[in-house]
Structures are given as structure tokens and as C-alpha cells.
Amino acid sequence: MKKIEAIIRTSKFEEVVSELSKIGVPFLTFSEVKGIGTEHATTQQYRGTAYDVGFIPRTLLEIVITDEKLDSVLDCIFEAAYTGNIGDGKIFVSDILEVYRIRNKDKGEKAL
Amino acid sequence: MKFEPIRGLLFSKKTFRIVFGLSAMMLLFIGHSYGQDAEVEEPVAVLTQDVANIMWLCLAAFLVFFMQAGFALVESGLTRAKNSVNIMMKNMLDFCFGAVLFWAVGYAIMYSSGDSNFFGFDTSLAFLGSANAPTDGDGYATSAAWLFQVVFAATAATIVSGAMAERTQLKSYIFYSILITAIVYPISGHWIWGGGWLGDMNFRDFAGSTVVHSVGGWAALVGAIMVGPRLGKYNKDGSVNAIAPHNMPMAALGMFILWFGWYGFNPGSTLAAVGGISHIAVTTTLAAATGGIAAVVVSWFNFKKPDLSMGINGVLAGLVGITAPCASVSTGSAAIIGLVAGVIVFYSALFIERKLKIDDPVGAVSVHGICGAWGTIAVGLFGQNSIDVQYWDSETAIKDGLFFGGGFEQLGIQLMGVGAVLVYVLAAMFIIFYLIKATMGLRVSDEEQLEGLDLGEHGNSAYGGFVMENTGPAAIIKRTEA
Amino acid sequence: MKFEPIRGLLFSKKTFRIVFGLSAMMLLFIGHSYGQDAEVEEPVAVLTQDVANIMWLCLAAFLVFFMQAGFALVESGLTRAKNSVNIMMKNMLDFCFGAVLFWAVGYAIMYSSGDSNFFGFDTSLAFLGSANAPTDGDGYATSAAWLFQVVFAATAATIVSGAMAERTQLKSYIFYSILITAIVYPISGHWIWGGGWLGDMNFRDFAGSTVVHSVGGWAALVGAIMVGPRLGKYNKDGSVNAIAPHNMPMAALGMFILWFGWYGFNPGSTLAAVGGISHIAVTTTLAAATGGIAAVVVSWFNFKKPDLSMGINGVLAGLVGITAPCASVSTGSAAIIGLVAGVIVFYSALFIERKLKIDDPVGAVSVHGICGAWGTIAVGLFGQNSIDVQYWDSETAIKDGLFFGGGFEQLGIQLMGVGAVLVYVLAAMFIIFYLIKATMGLRVSDEEQLEGLDLGEHGNSAYGGFVMENTGPAAIIKRTEA
Amino acid sequence: MKFEPIRGLLFSKKTFRIVFGLSAMMLLFIGHSYGQDAEVEEPVAVLTQDVANIMWLCLAAFLVFFMQAGFALVESGLTRAKNSVNIMMKNMLDFCFGAVLFWAVGYAIMYSSGDSNFFGFDTSLAFLGSANAPTDGDGYATSAAWLFQVVFAATAATIVSGAMAERTQLKSYIFYSILITAIVYPISGHWIWGGGWLGDMNFRDFAGSTVVHSVGGWAALVGAIMVGPRLGKYNKDGSVNAIAPHNMPMAALGMFILWFGWYGFNPGSTLAAVGGISHIAVTTTLAAATGGIAAVVVSWFNFKKPDLSMGINGVLAGLVGITAPCASVSTGSAAIIGLVAGVIVFYSALFIERKLKIDDPVGAVSVHGICGAWGTIAVGLFGQNSIDVQYWDSETAIKDGLFFGGGFEQLGIQLMGVGAVLVYVLAAMFIIFYLIKATMGLRVSDEEQLEGLDLGEHGNSAYGGFVMENTGPAAIIKRTEA
Amino acid sequence: MKKIEAIIRTSKFEEVVSELSKIGVPFLTFSEVKGIGTEHATTQQYRGTAYDVGFIPRTLLEIVITDEKLDSVLDCIFEAAYTGNIGDGKIFVSDILEVYRIRNKDKGEKAL
Amino acid sequence: MKKIEAIIRTSKFEEVVSELSKIGVPFLTFSEVKGIGTEHATTQQYRGTAYDVGFIPRTLLEIVITDEKLDSVLDCIFEAAYTGNIGDGKIFVSDILEVYRIRNKDKGEKAL
């Protein structure tokens, strides 16, 4: 099994989730994170002094998936999270040794 | 503010004169007239009715001024955090610009002497005319009258802010608010309170259900239509999404402040220090209470749960509804008028949102426009000559309303007034918003709307230090069943 | 609100009559009586004492009304965010229902004419009787009296809300609040202010330490016991957990609003426009100040750090404490009464929480119940006939208190009043809450309590857009040492 | 508060006397004097000017008291969430301690009878002297005067809180606030309002631009310098970082409350119930409005975006600026004075922050110190004898200002007053803060400042349940270009 | 060494932490995340329009542990996070190459 | 490629980020997490009852990096996040199978 961590634009979140559910992946865990990269946040100002918050609010999706489904999920994210501008985000793929479902101690693919 | 201390006022002749520069007008020396009453030797100064009227009008105006804070809080509380700076700015600026414009122009239109029953401009009142630097009680009375009027004008202006919240350009809003306080509001105000044709017909709008609230409410309707709904409010199939508010306690505090300020709005409209203010305060209280109850109960029944935002709207609907008839009806009638207003506001808000597909984030059109009309009409239904005549002379007092045996006469007049103002305001505001839209534009860009007007218009945010949810327009908000 | 402009009022005979419909009652034409004083030619209208009384009573009532917002903010601020919608709803509805019920029933019980010293019902006052549609100054005076009383009744009712916060069903709360405003409060109110047996004994409770605050406080005690503590408040070994508040600036704003409103509560209780209101305002100010200081200092000493929530309780305790004696004591005594109240409220709150294991989230029982009793008793300790007699006639004025050489006479009367109201309210409220509990239930389910009453009772949440901590009951809150 | 109901007041002789203990003073029985007027038979009680003055002074004092909440909200809103508990505590305690100290000492200094033009102490006024337990109208008038003065003294004290926010020890702040209310403020107050040398020169500061605001503002300047800037405010190269505020709607609400309270501050300073309050209310309104407009427009121009915090400062600057001249200028002059104040406050705030490198988180020095001086000087520029004389007798009224043909005479007096108070306050406060710093210290430790004073001074936090950003001093805040 | 990521019910957080500390694992890192899966959040409503926030607030525990202790930690979570209803959550196990303690540059098991 | 997860003191965040950018790593993702470990949070109190929030707010940095750069990044964090007191935090290193840039579907080292 693989873990996909996708750091995407917050504004693309809705779209990605709905596309994923169309290809049969209606489960994931996400959280609000902040990204530092090439793209910079809009400068804010208070009483005329500008400040750069230095980061951009982004959404981190965490999806654990069987190896077979990996490519379709990747493609789906490429599609739905894309704007073509700097800052579209990254996807990291890593190995997961084991997965358990707490409710019934299912393990492995059954647990997904 | 020199005093030595104030005791001096009472005993030292010198200080006495110092502070009581107006003595000739204000003090009533009585004394030797009491020939047979040896007890009272010294002349005793008493408060004249003229001064008492001025003081009451000022106090009432202060309370109405405070409503500005209430409007700001209700509007901000019922919308999203990313637009809060913008909303506060609008509510601050519409009063600031409104005060200056109403001083320069608006008052002179509203109270232009009776040459015309429709429109006039009294140059002697522009920039407060002689009361600009008053040197007698006459001038002070005019100052007090202006003060009480300016807070009313600002109320009408600020109502629109809520209906156009979260998507309107700041500069367009300022431009609009200048025009309504300087021109639109004073004209219809003149018709009713300034010696114009509606007033002459004995159209009764004691404290402004129509003059203030309906004018604001109809302007809000035009504004909300012209600026269009917020992104994500309506789906392609026409179904409605909920856009959740960001701070309900703030909205509730705003409601309490508005209710508090309304005790200046209605009782202050006697324009004089008279005992009758107590009855007005009672009718105001009861209508607010029944309005709140009605809206909560109806929402409980319809939604299965009692909705606070509807309850807030209900209280305000009751207050708007009783504003015209507050000095013409019994307490029992007031309770019914409020109750009906609470029901009306509920169905009206849903109808406008779901059927007309007009996005009014705070329900301003329903509360002020519709319930303002209801309150004005209610005079023709529940009004009683025997109560009204306490506040007016017998010639100008209303006829009994339909439910009190007076037939349709007063009701007809009320309906005509409601209709005339409706048509006038819709037309005037359509032209104004159309011109603004055509020139500077009304609506911010979609990107700006998504990231919030605080960032787009002001470059900062309302809640530094709090972690906020990263919400897009409909982000993470899915409509299920209504 | 027609005027042309108000200057017209002064000079045009016609308009004059229009607004001054009450002229017969209110205006005093003086003029030809000044035979030898040729200066004053025109008759000058002056403000009568009757109208001045009505106006003062109304203004004071407006201020007291605003306290409703203060209560809502203190209660909401000192509890958790997940219950804020519910708290606002309760504080809005208890006033709404209270106003209607007090209009229909409560006032007629409280001021039933003196057939009975214990209980009566004056049908001529139900639904405000003749003042329902007043046509004279008499009716206006009754309206003003009702207005001032209804805001007091609502205060008593809303005190309970805080003590039962975060776990009480909304419908049960509404039911309770109807009963207290319609029946429980008016009965004991009748005893003291309505011509009943305690008033006849010259029991002194000038502005309601007992009539309003203790009644609310004892009802809160019964309510808090009957509904039980919040989940996670007490551990199995009986030790106490802190349940941290969600918005301290909101609570502090509530305190300021309450203090502000108290200037209507106490000085307004003269029921008349008299110079003595200034002394009452001074004693009120000093007691609030020393109450706040005392509670902060004692908490600093005991907790090593000054506690804001205790300071807020201290200010309110000082205000409650001075409410009964505000017009009977010197400023020095007022400072001491406030100081003692600030100390009492601190130890009382800890005692109730830690020893009695009663969960009162905002300290309502200590502030209103205990300090209400303290204030009432303080009249018997610090009261001075020479001050009190300024506000009452010599027959009904209090005796000097214990510390002013008057012995135990007045103190005894005060103790009897405190005791009688305590017993009565505990009994009445026990029955009421028992019946509510037995029929519709008092407490929400544990699941609902965990996820918050905003979700459970109202289906939404107070702070959309803010990221909140996912707190369970004692989640991530561990008690260490007190 | 016994009544049966209040109608009793009108008809029952007994109750009448009960409440109207003061009848001898307050009631004016007129009747048989109307020989030829058979209509009026019964004696009619009327409101005396003395009582009306007391009531107006009390009402105005209540409004000014409420400003305390406004100051707390503006200060807290414009700073960071981690210091909010501390700020509320300071704003509560400075009033509490201020009231007690001004009662014990301050008032006796300020209104010490005229032995000395510079300093005196009237033991008969300490602890409110005979008004401690007043038994006549004289005592009530003193009580009212004290009440109105104490809220002014507390205003001066609380201004400093904002300038020293987020880094000052609580106990040092309490110590400071005791000294300013007990000694510093009363001395310069005595010079101007208490019969001292500046008042004798006909220096005009009607409602306290200098007496209250400049005193507070200059004290704030010394305090901000002595406590030093917040960590992270200035970089090593001297460049400035923005420290973003945590709650802009809260700050805006504070502004509205302050504006509302100012209607007690300025019109109340007539110290008497006179018609002239309306003109004062109008000048106050216009100056606030133009101040707000000016600051927003200037910030829009300079920053490319309109800045709400500057707008709030602008409204307050307009209010401070009109405080001295409110009863001496025309409405047109008022609008100009406010406009200039709004511009001044903008550039002053930036100058103090960027050039002087003094860290004043809320702009208190600019709003109250600088604009207080501006307002005082404006009397010498825009003042008109013809207006001023309405509030003072002809001997003490001001000369026409420079722009009204009066030359430099009044202007010179105004400048002298501004200068004298500036020098005095800077010197006095330097000594006080120096001594506090040398003994107990002024500033919290850097660690405490980083984690917030709420945790350090009070052991808890303002916003339980909200997820907050973990901000260090300049954490995640990087300055780019100004 | 292994990394355990457990996505549990927020209401079970207290219990899990206290059980873990009983078996000698008094250290972990957690954060507030949101889950999309079979279980759905309670529907909320505003002015009568229902909305499904679409996710459930959950707590993500991250525990790095020696291989030996893996099973006991898993059992402990199975026990303490269990309600038997849909939505009890998932556990993902993956490999960790190296662990360092910043304070003293300890590495490997010593660093835990 | 490797993933570095560093749980550091919040107060050291600024310093770490600026040091990392000096060694050519001006990209990362971070979030606010809470740590339970040897160090405990300051006790708070409300109305005299103390409560231990039981955790410390910490910042979690997530950096994906080429194998070569791993050591320099680790050293940099060791340096910048160090105070020497208990609670300086931990660094976990794990394997990443693949990295993608959403904007242009770059993969591997190019995508970083």
C-alpha cells in the first residue's frame, strides 16, 4: 500500500475531493498546513507597514491507497488541483507497511 | 467646564450667570407673585419646556446614534470573518459621510419650507444655516432637530450595507451612501415629515417605519439585486447553499444594542419632553418581544430547531413594525403587530432567498423594507384616534383603523404612502446603482471575493492570531436538503 | 415625527398644540400673574414634575434593559464556545417571554391593591389595564412604572441562565422563565414593593438586592442543583476541574455594560426626578469599585495571580450589595459594603464550587443570591435615618443601623425579609424545577452536552470559520493542584 | 422602590411625600397666584433647574463612564490576543482604584478653594466631605459634580494603558494609575477648572482637550518611552515591523462606544440642563465625522488602501480635537477642526512610530496628546465670542480667535495653557515612572512578553477553545517595504 | 523503528493518551485533522438550509516507536479508541529510517 | 529522496526557516501540532483551579529533500532549533518513493 501526501491549493480542495470520490476514493484525511515555496503570500499591511506572512495556507491531503489505485489517484489530483501557476503544490508518495481499521481490526487492503 | 465646585452654581450669583448665559430664556423667576405665600422668598429657577424638549431630543439622538454600532455588529456577525474589517469600515464611513452631507445638503431638502409639496431646497438651512453658530434658543432647537434627523438618515443609509455585504466595492458603497443621505432620503422624508404632500394627507408614520426603514429596505433590495449574489450562494440548479455566519454572539449583541437604541428612535419621535413617551416605550417593548417569540417559534416549527439568526431578525422586525404605529395603538395591538412582523420576516426572508433568488445576507430587505411597510399599514388597521390624538391635535390625528371601526379611510392613506415611497425609492435607487455600476462598478472581482474583502480592499484581516478555516466560496459547504 | 423644523414648535401656535396634545396636564402658563414684573410677557411652558418623573423612569428603564446584553455577554464569555448560540437565545427569549407574561399577569400580581398582604391579583392591571391605551397622564405614569418593573423582572429571570448554562434544555429554560416572571417574582415583589407585609414592616430594599437579585440568585441555586454539574466538572474523587472560559474580553465587556446599566437600576429606583439620584449614583460607583478591588486582591493573594473572572464577579457583587442600601448609607459605608461584597463573593464562589460541589459556571448564586442578602442586611448595619429620610417620609424611613447606634431593630427586620424570601424562593423554585424535570426534563443528553448545545439545540455553531479545539468534557484538561 | 403603583405618586398625598422627601427644595407650588385664571386650581409641581442640572450631570456621567468599555475594546482589539485578559484587567482596575482615590484625595485637590492658584487641598472635600452623606440639595449637587469629575479622571488615567500595552507589569500599572488620579490629574485640573491660574486667565478648555486628553496623552508618551518598545517592534537597523491586531470588529465597537460616550463628555460639560447642549452635540458629531473621513482618505492616499485602525484613530482625534472648542465654535469650524485632527493624527502616529521610534500600540499619544493640544489651540483660532458667551458670562467669555478677527490674544493664552500642562505632565510623569521603574520595575520579562501577559500575569488566556497561531515576537511577521 | 499514524475519534483522545502512558509510551505528537470516510458529520443548518460540513474533526496521533513495542502500542490503541461504530478510524504503520533528538543529537532508539 | 519531519519549538521556527533558506532549502510545509513528551506545558489556572493542558504547542516541519542534501539539512536544524533544554524536539527521517509537481507533472528530484 502507498501513502499519498498531496499539498494543494486550498481553493482546489472541493474539486479534488469531488473528483476523487468519482473514481471511488471517497475517503481521506486532510488538515490545514502552511507552505513555504516559490510562491509567496500576498503582502498584508497594518498602519502602512507591509508584512509578508511568509507562507501560504495550503491543504494537506493524506490518502492511503492500494498500489493498483495509485496511478488513477495521482492522475485525478493532477487534473483537479491544476491551475498551471506557480504554487499548485506537490505530491509525495511513500510506502505504508500496514493498515488497520480500529473498529474491527481489519488489516491490509480490507481495512481501506 | 469650570466649576468651583458645582455647589457654587447654586449660591454664587456670579457663577450662576456664568453658566446660565441663557437665563433670559430659560429661567423662570417666580416669587413676589406669591403674595400670600411667605414661605417662598427667593426666586426659584425651573426648567422650561423648551429646554426640556431640546434635552430629550438630544438624549434620544444619542441612543439612536448608538444603533450604528448595533447595525455594524449584526451585519458583521452574520457574515464571514474575512469581510469584517470591510463591514466595520462601511458602517463607520456611512455615518461620517452621512453627517457631513446631511449637514451640507440633506436637511435643507428635507425641511425646505412649504413652497413645494414634492421637492425644495431651503438655502437658509444648508450647513445648518443660522444654527451653524446659534446664539439663541431658536438656534439650539434647530440644532437638536438636526441632530435627531441626522441619526435617522444614517440609519436609513446603513441598512443597505447588510444586504450588499461581502461583495461590494468600498468606493461604490461610499458613493451610494453619500447620495442616499444627501438626496434620496431627504426627498421622501420631506413628503412625510417635512411639510410635503403625504404629511398633508395625514399619512401617519410616527417614528419612521416608512420614512427610515422602508426607504433603507427598498434601497437594500435594489442594491442586492444589482450587485448580484455572493459566489457560492446559489448552485447551477438554483438550489441554495447556506453561508454560515462567523460570530453569533456578536450578532446578538448587535440586536441588543439596536433594541436599546430604539428607545431613542420611537419615544424620541415625540420631539418633546412629554409623558406620552412611556406608552411609546411600552408598545415598542411588547412588539419587539412578540416579534422575537414569533420568529423563533415559527423557525422551530419549520426547521425543527429554533434559529437564532431568525430570532434576531424577528426582534428587529417587531421593532420596525411598531415604529410607525407606536403612538397610535394600544399595547395589545402592539403585541399583535410585533407578532405578525415576526411571522412575516421569517417567510419573507425565505421567499426572497429561495424564490426570488436575491442574496440578502442579513435579511435587511425583509426586516426593514417589508416590515416597515407592514408597520405603516398597521396604523390603518390598529390605529386608534383616541390614542393618537394625545400626540397630535385633533385636526391632524388619524382616523380609527379598520379593526377599530374606522373603515378603510386611514388604511387607504397608509397604503398610498407605502406605495408612493416604494415606487419612488425603487426608481431612484435603480438609477443610482445603475450609474455607479456603469461607471466605477459595484462588485469586487471574484478572486477578491474569495479571499475576502478585508484583504482585497484593506490589505489586512480582522482576526490576527486566530487560526481560521481556509474556506473558499462554497468550500466544504455542501447543501443537502432545505 | 412631523416637524417643520422643530423651531416651529416654539413659535407656531398650531404646531405647538399638535405635539403638546397633553398641554392641559403638562404646561404651566404663567404670566399675567407677574403683575409687577413687566419683563416676562408671554406665558412660558415649564416641565412639570409628573412628566419629569415619567421621563426619568423611562430613561432608567432603558439603561436597565441594556443590562440584558451585559448578562448575555458575561454568561457566554465565561463558558465554552460550543454553547454560545444557546446562551444568546436564552437571554433573548427570557426577556421576550418575560415582557409578555409580566404584561399579561405578573404586574397585576405584584401591584395588586392591598386586599392581601401576601398574594392578590388586580384584574384591572392585567394586560396593563387602562394604561393599555392610555389617554391621560395617569395612564402614562402607569406605563412608565410597568416599563421600569418589567426590566427588573427580566433581570431576576436571566440571572438563573448563567448558573444553569451549558447543560439545560432550551424548552425547559423557557418554561422556567415564564413561571418566574409571571408568578414567582411578582409574589415576593408584592410583599416588599407592592404594598405587602414586608414593605409594611419598613423592610428596606431600595433598588432590589433582595427583590431582584436574591430572588434570581436563590432560583439559580435550585436550578444549578437540580440540573446537576456539567460533565467533567467533578472527578470521581470529588476534586474539581477547571472548565476554561472561551472569551474573556466578551465577559469584561458584559461587566462594563452591567455597571453602566446599574446607573439606571439604582438611581432610577427613586421613581422620580429628584436631586437624590446623584448620591445614589456615587454610592453605586464606590461599591462597585471597592468590590472589584477586593475580589482582585483576594484572588491575587490566594491564587498568586489576579483572576479576571473573580474581578468581574467582584464588581458585580459590589453593585448587588449596594442595591438595597444605595439610598440609605454614606459614601464611606458604601465603600465598605462593596469591599465586603468583593470578599464574600470570592469565598462564596469557591465554597459553592468546592465544598458544596454545585456547578455554577458564572458564580451567579454568589453574586446575586449571597451578595443580595449581604446588601439587604447591610441596610441594618450601615443604614442612616438621616439619609434615608431624604427619599421617604419620616414614618416609613428606616431606623439607624447597628453601626450607627440604632441597635438591632432595623437589622432584625432586614434579616426577617432576607429569610422569608430565601425560604419562599427555594420552595417555589424547587417545586417548579421538580415538575419541569419530571415532565419535560431539565438536562440535555450527555452526547449533546459533549458536542455542545449549539449543535444539539440549534443545529449550528457560534463561530463559523474559526478553527476550534476539539474538546471533550474534560478533554485535555487535567486538574493538578488547586 | 416601593410604589403602589406609581399612579399612587400622583394622587395619594401620603406616597407623594414618601418619595418626594425633598419637596421643600424641589417643588414649586403655584396656584392661587393665578387669580384671574380659574382653570388651574391644584398646585402643580414642576422640575426646578437645580434638580434638572443634577440629573443632566448624572446622565452625562453615566455616558462618560461607559467610555471605559470603549477604551478597553479599542486597546484590546488593536493588540494581540495573548494580552487581552491583562488589558481588560487594567481597564477595570484603573477605574476601580481611580474612583476610590479621587474620592479620598483627588477631588479635594482639584477643587480646593482658591487659597492657592497652583495647589491646595481642601480637607472638607476629602472623602466627599459633607456630601459623604448628603442631606440637602447642596450635597446632591456636590455628589453630581464629583460623579462627573471622577469619570473624567478615569478617562485620563486609562489613556495611558493603551500606549503601554503588551509589556507593562500589572502592579506597576496599578501604582501609576493611583498616582495620576490622586495627584497628577487633579493638580493641572485645578489650574484650569478648579479656580487656578489658567482658568483665571480665561484659558478655555470647555470639556477637557487639555485637562483630560492631553494630560493622559503626555503621560502615555512618557510611559511608552520609559517602558520601551515591544519585542520585535523594531529591527536592529531601526526599521519597523507591523504587529498585527487581533480583533478589528472589537476595536470598531470600542470606537462606537467612545463616540456614544462623548455625547456625555462634551454636552455634559455645560454642567447644567441648558438648550446649548444641542449645539455642542452637533459640533461634536461633525468633528468626529470629518476626523474619520480625513484619516481614512489620507491613509487611502498614502497606503493605497484605506486603513480601519487609522479611521478609528481619526474619529477619536476629531472628538478629542473638538472637546475644548465644542461650545465656542460654529459647526463649520467644527468640521474643519475635526478634519485637521484626522490629518494630524495620521502623520503624528507615523512620525512617533517611525521617526521617534516610540512604540505606542494604539496611537494614544497622537490621538489624545497631540490632538488634545490641537483642539485647545483651535479655540484661539476658530473661537467666537458670540457663541462662547452663550455658555459663560461676558467677563469670562473668550475673545474671538485669530481667524475671526480677534488677533493673537486668545491664541496666546491657549498656547500658554497647552505648554504649561505639557511641561508639568512630562516632568511629573517622568518622576513617577522613573521611581516605579527603579523600585518595582515597569516591564515584564522578555519570556513573559513572548508567551503573553495573560499567561504571565494571570495564568490563563483570553480565548479558550480557539486554536491560536503560535506567534513569537516577530514570528512569521517579516517587514518588507513601508 | 516504526511510525504509527492513528486517526482516531476526538472524543477518544484522552483515553488513548492515558492508556499509552500506562504501557510506557508517554510521548507522541498529535494534531487536529479532518476526516472524510464512511461516517458523515452531523448536518448543520442555518436559516433552514442544511449543510453538511462533509468531514469529521478527528485527531491524528503520530508515534514513532521501536519495532518491539509496535504491537503493544497497536493493541493499546485498538482497545482505547474502540467504540464499534463506523468511524472509529484507522492506523497506518510505516518505516522510519532514523530518529534524532535535537537537544543532544542522540540518534536511533536512544532518541525516543 | 527523503522526508524529514522535525518537531521543533514554536519559538525556534523563524530561525530554522531562515537558516534553511541560507543553505538553499527555501521550501517546506509546516503545521501547528501539539506534543506530549518529557517537557510539560506551563500550568494555567482559572478561578484558582489549576489545569495542565498536558501538551505543548509545537511546529511540525515537513521537508522532502534529495539524499545528498539530507545531512546538511539535519545539521542546519540541529543548529537552529537547539536550546539545550528538554523539549527541543525530534527529527524523523523516512523514505519517499516519488515526488511530483502538480503544475507540470515533473517528477523526482526535478520536482523539488
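Each chain carries a letter (A, B, C, D, E and F) given by its place in the written order, and its residues are counted from 1.
As a working rule, contacts are C-beta pairs under 8 Å (C-beta built on N, C-alpha and C of every residue); 3 or more make two chains touch, one makes a residue touch a chain.
Predicted model only: the values in this text are computed from it and were never measured.
**Student:** Keeping to the contact definition above, tell me which chains border both chain D and chain E.
**Tutor:** Both chain D and chain E are touched by A, B, C, F, going by the contact rule given at the top.
**Student:** Looking at B-E and D-F, which pair shares more C-beta contacts?
**Tutor:** B-E
**Student:** Centroid of chain C to centroid of chain F, CA atoms only: how many Å?
**Tutor:** That gives a centre separation of 54 Å.
**Student:** As a quick test, compute the distance in whole Å between the mean CA positions of chain C and chain E.
**Tutor:** 49
**Student:** Taking each chain's centre as the mean position of its Cα atoms, how many Å separate chain A from chain E?
**Tutor:** Centre-to-centre distance between chain A and chain E: 19 Å.
**Student:** Which positions in chain F touch two or more other chains at once?
**Tutor:** 31-32, 43-46, 54-55, 94-95
**Student:** Could you list which residues of chain D touch at least two other chains?
**Tutor:** 30, 33, 46-47, 50, 52, 57, 59, 137, 141, 144, 146, 244-245, 247, 303, 305, 307, 459-461, 463, 466-467, 469, 476
**Student:** Line, ring, star, complete or other: which one describes how these chains touch?
**Tutor:** Looks like something else, not a line, ring, star or complete graph.
**Student:** Check the chains against each other and report every pair that touches.
**Tutor:** Here the touching pairs of chains are A-B, A-D, A-E, A-F, B-C, B-D, B-E, C-D, C-E, C-F, D-F, E-F.
**Student:** For chain E, which residues count as touching chain C in their complex?
**Tutor:** Residue positions touching the partner: 10-11, 13-14, 32, 42-46, 57, 59.
**Student:** Could you pull out which chain D residues touch chain C in their complex?
**Tutor:** Listed in rising order, the residues of chain D that touch chain C are 1-7, 9-11, 14, 17-22, 25-27, 30, 33-37, 40, 44-47, 50-52, 54-55, 57-59, 61-62, 65-66, 68-69, 72-73, 76, 84-85, 87-89, 91-93, 95-100, 103, 127-128, 131-135, 137, 139-141, 143-144, 146-147, 150, 170, 247, 250, 457-467.
**Student:** Touching residues of chain B toward chain C in the complex: what are they?
**Tutor:** So the residues of chain B touching chain C come out as 28-30, 32-33, 46-50, 52-53, 56-57, 59, 63, 80-82, 107, 111, 113-114, 125, 137-138, 141-142, 144-146, 149, 192-195, 199, 205-208, 211, 244-249, 252-253, 255-257, 259-260, 263-264, 267, 269-279, 281-282, 285-286, 288-290, 292-293, 296, 303-308, 311-312, 315, 329-332, 335, 384, 386-387, 389-393, 396, 463, 466-469, 471.
**Student:** Spell out the part of chain C that touches chain E in their complex, as residue ranges.
**Tutor:** By the definition above, chain C touches chain E via 450-451, 455, 459-461, 467, 469-470, 472, 474-476.
**Student:** Sort out for me which residues of chain E touch chain B in the complex.
**Tutor:** Touch list, chain E to chain B: 43-55.
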